[in-house]
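The structure under discussion appears below in the form of structure tokens.
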Amino acid sequence: MKGFDIHSALKRTSKKFGKAPGTLEYTGDYKAEPTSIIMYSFDTESFSENEVDDVQKLKRELPKGKVNWIRLHGFRDIPKIRQIGQIFDINSLVLEDALNPYQRAKVEDMGNYLYITLKVFEGGKTLHDINAHQMNIILMDNCVITLNEAREPYLDLILDRIKRSEGRIRGKGHDYFVNAVVDLIVDSYFIVLEGISDNLENLEKKLREKDVKDFVGSVYDLRRLLTSVRRAIWPIRDIVAYLDSGASKLVSDEIKFYIKDIYDHIMHLIETVESLRDVTASLLDLHMTDLSNRMNEIMKMLTIISTLFIPLTFIVGVYGMNFKYMPELDVRWAYPVVWLVMIIIAGLMLLFFKKKDWI
Amino acid sequence: MKGFDIHSALKRTSKKFGKAPGTLEYTGDYKAEPTSIIMYSFDTESFSENEVDDVQKLKRELPKGKVNWIRLHGFRDIPKIRQIGQIFDINSLVLEDALNPYQRAKVEDMGNYLYITLKVFEGGKTLHDINAHQMNIILMDNCVITLNEAREPYLDLILDRIKRSEGRIRGKGHDYFVNAVVDLIVDSYFIVLEGISDNLENLEKKLREKDVKDFVGSVYDLRRLLTSVRRAIWPIRDIVAYLDSGASKLVSDEIKFYIKDIYDHIMHLIETVESLRDVTASLLDLHMTDLSNRMNEIMKMLTIISTLFIPLTFIVGVYGMNFKYMPELDVRWAYPVVWLVMIIIAGLMLLFFKKKDWI
Amino acid sequence: MKGFDIHSALKRTSKKFGKAPGTLEYTGDYKAEPTSIIMYSFDTESFSENEVDDVQKLKRELPKGKVNWIRLHGFRDIPKIRQIGQIFDINSLVLEDALNPYQRAKVEDMGNYLYITLKVFEGGKTLHDINAHQMNIILMDNCVITLNEAREPYLDLILDRIKRSEGRIRGKGHDYFVNAVVDLIVDSYFIVLEGISDNLENLEKKLREKDVKDFVGSVYDLRRLLTSVRRAIWPIRDIVAYLDSGASKLVSDEIKFYIKDIYDHIMHLIETVESLRDVTASLLDLHMTDLSNRMNEIMKMLTIISTLFIPLTFIVGVYGMNFKYMPELDVRWAYPVVWLVMIIIAGLMLLFFKKKDWI
Amino acid sequence: MKGFDIHSALKRTSKKFGKAPGTLEYTGDYKAEPTSIIMYSFDTESFSENEVDDVQKLKRELPKGKVNWIRLHGFRDIPKIRQIGQIFDINSLVLEDALNPYQRAKVEDMGNYLYITLKVFEGGKTLHDINAHQMNIILMDNCVITLNEAREPYLDLILDRIKRSEGRIRGKGHDYFVNAVVDLIVDSYFIVLEGISDNLENLEKKLREKDVKDFVGSVYDLRRLLTSVRRAIWPIRDIVAYLDSGASKLVSDEIKFYIKDIYDHIMHLIETVESLRDVTASLLDLHMTDLSNRMNEIMKMLTIISTLFIPLTFIVGVYGMNFKYMPELDVRWAYPVVWLVMIIIAGLMLLFFKKKDWI
Amino acid sequence: MKGFDIHSALKRTSKKFGKAPGTLEYTGDYKAEPTSIIMYSFDTESFSENEVDDVQKLKRELPKGKVNWIRLHGFRDIPKIRQIGQIFDINSLVLEDALNPYQRAKVEDMGNYLYITLKVFEGGKTLHDINAHQMNIILMDNCVITLNEAREPYLDLILDRIKRSEGRIRGKGHDYFVNAVVDLIVDSYFIVLEGISDNLENLEKKLREKDVKDFVGSVYDLRRLLTSVRRAIWPIRDIVAYLDSGASKLVSDEIKFYIKDIYDHIMHLIETVESLRDVTASLLDLHMTDLSNRMNEIMKMLTIISTLFIPLTFIVGVYGMNFKYMPELDVRWAYPVVWLVMIIIAGLMLLFFKKKDWI
């Protein structure tokens, strides 16, 4: 669970103690990768892709009437990132957040641009392989800048869709492009939740089959994961609500319905996450009661056997004593009588257990 | 529990990962049925029912002053559904949601039409047979379109009422028709809750009769069902509140009281669902304490018998030893004295248990 | 607990499935009683009481400047009730709710009249005898109509007060009359809560005296009752808040302070109900810990006795063996040495238990 | 815990069932004391104190430009209290509340006067001696009336401060006087909470020293007390917020900061009460886990000893049998071999326990 | 945990009972240190530092256009603090709060100045060494006054940054200086949370390795610490929200983004604190289930061994009896038959346990 574990997050964050706000520094898990900047420009007719060397020039020559996407990844070259900040007039507080891979999801309306940051979940084969990356999006009126620790596969998916001219993505503005990215990320949460849900279903099945090896540990792990996912999802509601509010002129009315669609997904995610938490709690309750039930059964067994034989063992012990003068020992029918007495005692005991509903 | 289980919902939803928003695709459990479109038109005097072939023509020739209900079911023919969307100018995001049988309940005000979607519960003989269907309603100023995976029996109930001219349904507008459908669906929730309530009552009775076979598993299942129903009900409050708010001119003031009536039902449902959750929690507590009580009783039994006889068995063991020189063995009254000592010890033990209130 | 049990409520409500909204039907527990209508008119000087036969005439001849109270009870004659609805222009949705003895408490502002409905608790000797009736009040500008399943004793209390000219009730308007009825009903909740509180105090006392027969069952019953009462009380806050809001001109400013007084009572009830719920939860915790404590004590007893005697019994068993060649058996001081060894072992055990703080 | 126990409160309140609102009646625990009225007038220069006989005259001759405090205590003389109500034009609903020692804390803005009522806690030596009195304050523009069941020591504290001319109390208006009284009362809550906190600290210490006699009962009592204090504190937030809101012209802007200071105290109290509730819950959890841990230890002891010796006892039992033909008995080295076998068995058992980490 | 423990806080607070509001008194844990006042003035060009003797003169000669920071620490000289209050026109209620080391965090807008108070956590080597100090900041338009019990190391950190001209701190106004102090304090919370998180991670690891010595006590301590930190953090959200609201002209628009940055940190802290609480709860659940599981295992062991050997021991006891007439004893093949019978019984028992899945 790289990239959103609560313990690591605290370790990274506390490393920055005492620094002035706005100090640029990469605090992530990756060895900072070399910084690469690619510029994509597209509209319904054309599509171009260029490696960017001179950022200054890039800013001056941004094509009009096209969607311009500046894709930066790799945080090794901090001075270059600072330079981009200066050229595009991006507040250093924003860049500080962008370099922090444990930044909580949020939107900041900085007036002439919007800064959106949220977690992307990259599913592995198993739940333990799940990684979270930080996605940073800066929406300006003439371009969108994305910043990532490493080349983000999710953005490649979007890029494919652009190249294949799929959906509306080439015919709409910068705001629609941002909407498409956020929509894709939100969709990725369903996959993580599906993984958790599958695991829970599995645990439930095992529990019904009394196969409880590692049960509690697994529930605990899923709960931890759910808590992390939950912490990632809830703030996105506020992001999308802000985009929908019409407070920023960078988001046009035209894409209102697309934002509402994402909002609907977020609500679905939130309800699902809460339901899954419910399920884990119920599973634990089920397990606890099950344990108690089995303990009852075990103790009943012990009690029945002990209660049945301990008195009898005492009786035979009595007649194993070696006293010289024990008149019973010489009586001829004493032995069968002792057996009779013992059988009667055992019978009464069994009746008692029957009445108690123990057998 | 087809159609609203949380695990299936996640599976279906995550299948659509990476698709552009507004991509039409049926993701339900049914093999997509053939698409059928029927058009009903009625007012207080007349009623007509026609199979629709040419949707284009249908749109042009919608009767004025009547309630026009276009009933589509079966999602096999996606192109036809897309065509209807184009002809009636319905956003593809709306159609995407309509084709998603796990869509959460909501209302979307798209300006010239309202899109309402919610779950319908179809009760089976037992709780395990309960199915949920997705009901999709599009309210326009000159028609209502309903979209369902399969022919929906609840709509046939409404149709019957229309044919029998029962209630106000033929004399009022499109909004009243939608209101009648929603009212019927909301009523269906009471039946599901009644089923859960019956089961809980039953479990409670069994618990009081100490018949606890499968108790915890049953509570767990009911709780899962309650969580699902709860998730279906809560969002309807927002739907009805929106309809009542007067924000859309498609809902006339005239039916305000009918909407308020549904709102009242929803509040009743919500309070009931929360109370039933309370009841399940209480039942589990009751069961757990019961288990502890029984364990106490069992252990008391074991302890009394063991504590009583183990020391006595030791004593008789002592005099079963075969040492040559054990002076007591030759004493004449030793045997009765040992009996006396043992009876006194047992008596004291019993007094002690009495004082402890164990017997 | 007739009249507000959650299971019965669901049974009755689901019976109406598929009916058009506004369908009049009595769904209560009583065999519907014959319908009786009495008309009381009073002001500071006069008081009259008349059986009503001709409702049409009644409406035309309502005395001006007096408080006119039309008291209907018994729901056998549905057509008559429908007729009253038509004559007084009461929405059939309102009458539908009035005939539903499980209707949740609410106020509906229908413009020219207010419809208020809430539960009345009629205390029996014990908690199991508590009944709940539905009180329905329609406040118009020239009369108040009350509708009840059966002749409501609480209204007779009000009637007495009117006849005895007690309090302000004869000198004020229709709104004050309604206020007096609601105040009386709210007061009745204190009596039910007092009953629950007495029971809880009793259970607590028993618990401290270790008398726990049926303890958990009783707590469970009280909790169920509390849940029902809670469900009855909370919505009244909204009713009273609405009356206080000044939104309806049928409620004059003059009685504002009386409404605030009821609101204060409701808040008191709500806080009390929540506290009582807290108390039940605490009692259960107390009981559970108590059970665990007692189990510990029982097991300690068993463990001490077993651990003490089982090794000793083994030792005496050894010398009870019948091997030919057991040199110890012939040693003269062997028997006392075995005793010594056993006493030392027992002593060490006891020291160990002492150190463990078990004895 | 006289004066705010939830059970007593319900008993008193339900006694008033059926009375018209505004019926004056004292329902407290004290035998109603004789009614005494004292009038204090003061400003920075002067201070006077007079027993009041003629209330009529008192009202006419209230000194201008001074703080006039009419202090009534003892509720035996209901007619006199009613008379004061008439002379000062106080609503009978307010007087009814003032006479109810279980009235919940609240402020009522009656237009020309404010009615404030809250609980005063009078700390005893131990928590069981804590009493709660009801403080009733009526703030008018030319006087303040306080009403108490009995002479209130807290008001004597204020009186002392006035006589000693301490703080600002003599140089400010009626509102500051009321503020000083409320501030003193709020301070009294800290003392009660300190008592509870001391007790909890003590219980925690005992728990760590495994001294758990009466532990659960004590936690339960503290929790009950906390619930009561909590119920007393929360509504005061609303009172102080109302005073701070500027809605009443009887509270001048000048004392705004003093009210904010009280508000800050209330918030502190609320946070503390919630934290203390948390602490009690944690202590119970700690205790429960502790009990389970000790049970584990006890059972481990029993299991080790039993498992070790029961098989051995069986073996020695075998060779204690008296069969004629038991070849082993005559073998010379049989006895040492049996010992060897038993030692090996015991050793293996001990290894097993070691592996299980039980010893 | 000096300086923010709930028990100490209550002790200190209740000491002030009965004092008029605004009474200056130091109630902290430190022996009040000698009062020292230092004045720092700085802008981008200059920096000066002076011990202050004459406060009167200080006020008159505050440099214009510079940031003037008056740093007071040590609360021994109450009259001097009162004098500063008079000279700078600071309300005595504010000074009272500043002298209270258990004051909850808050902002008070006193019109011409803002008073901000919050806790500073000073991390020790272990969690038990954590101290909390109270930081008091008064922001005026021409100076900032800080008041601390003792020389605050965190302010020395800021001072260093000023001297080294690091960040923006010398080029901005008084509001930015206050912002920098609050930012530093908020950062300190991450370090405390990191400490708690490390401890929890450690406990989790130990739990998985079944090393549970002191487990519950440690969880309890962490939970107490979390509760305290939580109580410290939550109110800061309101402080920062107020600063961001633009309600005070003392906070310029220019630093809006810096305040938003702190707000973001606070939200992160709150979410983290809640998640850590979740983790402690989950750990306890994990431990409890683990205990139950181990108990089950222990009891299974006991039950298997007892159930296996107790009946057999009874059988051998039977043939250890010394009756004269026991025909079996003389039968030649009796001894092997008894062995056979015992082996069969044991075998059946083992099969039974196998079926029960106990072995």
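Each chain carries a letter (A, B, C, D and E) given by its place in the written order, and its residues are counted from 1.
Quick note on the criterion: a contact is a pair of C-beta atoms (placed from the backbone, for glycine too) under 8 Å apart; a residue touches a chain by one contact, two chains touch by 3 or more.
Predicted model only: the values in this text are computed from it and were never measured.
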Third chains touching both chain E and chain B: A
Shared interface numbering between chain D and chain C [over half = same, under half = different]: different
Chain B and chain D, separation of their C-alpha mean positions in angstrom: 41
Distance from the mean Cα position of chain C to that of chain B, given in whole angstrom: 25
Multi-chain contact residues (two or more partners), chain A: 288, 292, 295, 299, 302, 306, 310, 313, 317, 320-322, 326
Touch-based graph of the chains, sorted into line, ring, star, complete or other: ring
Traversal of the chain ring from chain A via chain E: A, E, D, C, B
Partner chain E, residues of chain A touching it in the complex: 6-7, 9-11, 13-14, 16-18, 20-23, 91, 93, 97, 104, 106, 108, 110, 210, 216-217, 220, 223-224, 227-228, 231, 235, 284, 287-288, 291-292, 294-295, 297-299, 301-302, 305-306, 309-310, 312-313, 316-317, 319-322, 326, 328-330, 332-335, 338
List of chain C residues in touch with chain D within their complex: 157, 161, 166-169, 180, 183-184, 187-188, 190-191, 193-194, 197-198, 200-201, 208, 257-258, 260-262, 264, 267-268, 271-272, 275-276, 278-279, 282-283, 285-286, 288-290, 292-293, 295-296, 299-300, 302-303, 306-307, 310-311, 313-314, 317-318, 320-326, 356-358
